[in-house]
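Both complexes below contain chain A, partnered by chain B and then by chain C.
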Partner chain A sequence: MQDFWDWFRWLYEATGINLSIFYDAFDRAHFLAGAIMTLRLSAVCIVLSVVIGIVGAWLQESRLKFVRLMVYWYIQFFRNTPPLVQLFFFYFGLGGLLTSATGSGEHVPLVGNVTWAIVSLSFFAGAFNTEIFRSGVQAISSTTIEAAESLGFSRLRIYCLIVFPLALRVSLPALTNNLVNLVKTTTLAYAIAVPEMLYVTSQIWSDELNVPELMNVLLVSYVILAGALAYLMRRWERALHLPGFGA
Partner chain B sequence: MNGTLALAAMAATLGFSMVTAAHADAVSDIQGRGTLVVGVKADYRPFGYLDTSGTIVGFGPDLAADIAKQLGVKLQMVPVVASNRVQYLQQGRIDLILATLTDTPERDKLMEMVQPHYYGAGVNILAPKSAGFKNWDQLRGKKVCLIQGTFTNKDLQAKYGVQGLAFPGTAEAYTALRNGSCAAFAYDDTAIQGELLKPQWKDYDMPLTSIFFTPWSVGAKKGEDHFASLLSGMVTGWHKSGKILSLEKKWGIKPIAFAQQEHDKYR
Partner chain C sequence: MKPDWRTDLPVLVPEALRAVSTTTFPNDWRGRHWRPTVPAGLGLLLLFVACCGVAQAQAGPDQPSVWATLWKWTPLLLQGFLLNLAISVLAMLLGTVLGLLLGVAQIAQSAWARKPSWLVTQFFRNAPWLVLLFYCMYLLPFRVTVLGGTVAIPGWVKATLGLSLPVMANVSEILRGAVQSIPTGQWESAASLAFSRRWILWMIILPQCIRRMLPPWMNLYSILTMATVLASIVGVDELLTLTARALSAEDRPGLLLPFYSYDLLWFFIYCYPIARLTLYLERRYAVPD
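The block that comes next holds the complex of A and B.
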């Protein structure tokens, strides 16, 4: 294994291409930690934002005007503001208010920066997901819903058993788009010092001064990550395909 | 001497004189112009900042005024920042950089870094007084705010075991410190001193001794050997006469060991 890493040291000495994240153990450990943090952020945010999307699309059809209004304002706030601004608002703004006193009388924030990043990014992608699922729900013809109502299904059961499964299949391409975007948007967490891949790599290249090499490594890493997600979503799409419904 | 030899001698003298006349010396340019243009910081208290009337004042501007006085010309100051000061010098917009410029081997290739160094900065922390930090080992395992890209970050984390939280800009780092997201903020001791002059930091101080000292140089354009040697004489004079030490007192800067050492060396 050490021989494999040493090859990159030879590469640096022979050609000047400095891939220190391979031959230097310290940089290697840091880069790996950054990659794991990115994977963690992506996975948690994807799951949370999809849940928010499903719940939001359901609440948009609510009979109570108050509930519909709440969902409307949630979407307006989180879709119309830049995600970086949202991150700053949560971490520096709200984070500064939500403090508790420690034993020595100093105030420390209750919520850490990773948690705020997850909250902010999930809400951001959740707003888009709500609209994506709404477009799927509206694609279901009203005759299907009337048929279900005439069979005695309650509103909740219609949504869970009939409307949402069909809506999901319709909205999968748009959902894939948004989730791939979410994976790339996790890089913004570097601005609140979350040690994800971009943050860690920028620390490494300011020490080793190998900016072009590491920029390329970052690019390739995100292509692989986003590509893997898109591939899995496509596989899922094909598995969910209903003959006669959609393309 | 016969005619041809005299002609050859005259041609040679003319040739040499043309060579020396073509080399535009910075000193003669400045004296011909009657003004010395110096790039100084305008946002780095107290080494260069704007006072209430809008003039740039501080440690750097005072030294620039002295150089202009010794050259017998007027002084014109141009505000610069770290990202444009070298370019301004190379383009000829300024004759000198007197803007907290750290001397590094890479920069030495791009311009004349006047020796000896006139001042320097180390790394220290801004922390609440109630935290009671006395030495660097107390920071082991604690969250410390840093600035992304600073070359001392790696050493602080590897050698002193701090848990670094690096932000893109100083504003974010100061806000995170105030919110309690980190126990302290490690940065240039000179910048922290300037920040502590502001009233909102009255419950904070800079308790430790500075480490990772990096020296500052006056910067002149590459190839200006005569100008650089003149400046070198002036900087040595500042150390010899104790001007640096008295300027430290004037601007309320915590005295650094370097200034005292240089004064003792050249006295």
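The block that comes next holds the complex of A and C.
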């Protein structure tokens, strides 16, 4: 393994291409920590945003007009404002309010920047997921629902057992797009100093002054990450495919 | 969905009416195709007012009111917002021109044009906008020498270039998708009328594509407008940068919430009508089943 890392040192000495994140043990660990943070952020946000989407799509068919209106406002708010400003609104605005005073009179934030990034990005992607699932749910024909009703299913059971499993299959292509977009949006956490991949890389290039090399590493890393997610989602889509349902 | 109780058999009318009045629907699917009548902007406006109220409640007795402070900074913030809009329009223009060229290359017959343009499209579509922006900010020279004189490239120009790259890739994909959505019968019938490939594309396929491309293109513009605030991370004096500067000049933590919700409101006011128009066009151009 050491030979592999040393090859990059040789590459630097021979060609001037300074990929310090491979041959320098400190930079390597730093970059790896950033990559893991990006993966963690993506994974948590994907799960939370999908949950928000499922619940939101369910609430949007609520019998209460007020609930429907709230979901509608939530979706329109997150869809039509910049995610970066949302992040600042959450982190600086709400985070500034949620502080606890210590004995020495200092105000310590109760919620850290990583948590705010997760909250903000999940709600952002969740708004799109709600719309995606809703259009999936609306694609299910009402005769299917009526058939379920006539079999005595309750509203919740119809949604959980019949409507949603079918709607998921309709929504998967759009969901894949949105989740890939979410992974790319995790870079915004850079702005509130979450040590994710972009943030640590920018720290490394300020030390080593190897901006072009690391820029390319960064681009390739994200393309691989997005590609891997898209590939997994395609596999899942194929696994869920029902003969005779959908295209 | 409520069943339809109307009937054209007169004998059954009283029966049907009674059925309606006595049947209770345990599962009421009224929300299924519900469209709100309350404007979406009202929610954000309420949020903004609430934020200002919280800030006003926190303010000391000798401090100017939140509204007055916001009003004082509005001209400066407006300047920043106009830069955002300028960047978005320029990046959209540049990205659309490049993207159309790339998209036409993607549907070319020659594999030499098709494969590389496909690769370029996928690459720029899958790379995060922020990383592409960093790429242009750091790797483009800050000044160029043209005909012996040096011309400085301002940051916002580089940001515009950086934002036009993902736009280019998305427009390319929109064009490819639109061309593929035209039934192949159109190509065949045009070919049987002895049109050449170039003429089929130019006279028959692309005119039909414009209509299909318009809604996703407008959607992309809306996304781009919201992405222009990313330029603040790389130090362009747009809305978010100026907001941060105004906040540090005021030095009142309580103002964070009103100022950022104020920014949100502006973007909402600009982007929401575009989203509504997009939806309208989508419905209008939709092919009925």
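We take it that the second predicted complex is superposed on the first by the 247 of 247 C-alpha atoms of A that agree within 3 Å, B and C clash if a C-alpha of one lies under 4 Å from a C-alpha of the other, contacts with A are read in each partner's own complex, and residues count from 1 in each chain.
By definition in this document, a residue touches a chain if its C-beta (ideal position, glycine included) is under 8 Å from a C-beta of that chain, and two chains touch if they have at least 3 such contacts.
These numbers were taken from a predicted model, which means no experiment stands behind them.
Partners chain B and chain C, once the complexes are superposed on chain A, both fit on it without clashing.
In the superposition on chain A, contact of A:Tyr231 is made with neither chain B nor chain C. In the superposed pair of complexes, A:Phe26 makes contact with chain B only, with no contact to chain C.
Looking at the superposition, the partner that touches the larger set of chain A residues, chain B or chain C, turns out to be C.
In the overlay built on the shared chain, the residue A:Glu146 is in contact with chain C alone; chain B does not reach it.
Once the two complexes are laid over each other on the shared chain, residue contacts for A:Phe245 go to neither chain B nor chain C. By the document's definition of touching, both partners, chain B and chain C, reach A:Phe92. Once the two complexes are laid over each other on the shared chain, residue contacts for A:Trp10 go to neither chain B nor chain C. By the touch criterion defined above, A:Ala191 reaches both chain B and chain C.
Legend: residue contacts after superposition of the two complexes on their common chain; A:Pro83 is shown touching chain C, with no touch to chain B. Once both structures are overlaid on their shared chain A, chain B and chain C have a minimum Cα-Cα separation of 5 Å.
On chain A, the surface patch touched by chain B in one complex and by chain C in the other comprises residues 88, 92, 96, 190-191, 202.
Of all the residues in chain A, the ones that touch chain B in their complex are 26, 88, 91-92, 95-96, 99, 104-109, 113, 190-193, 199, 202-203, 206-207. Interface residues of chain C facing chain A in the complex, by the touch rule stated above, are 1, 3, 26-34, 36, 38, 40-44, 47, 51, 54, 122-123, 126-132, 134-135, 138-139, 222, 225-230, 232-233, 240, 253-254, 256-257, 260-261, 263-264, 267-268, 271-272, 275. The residues of chain B lying in touch with chain A in their complex are 128, 130-131, 145, 148-151, 153-154, 158, 165-168, 172, 175-176, 178-181. Residue ranges of chain A in contact with chain C, taken from their complex: 60-63, 65, 68-69, 72-74, 76-77, 79-86, 88-89, 92-94, 96-97, 138, 142, 145-146, 149, 154-155, 158, 180, 184-185, 187-188, 190-191, 198, 202, 211-212, 215, 218-219, 222-223, 226-227.
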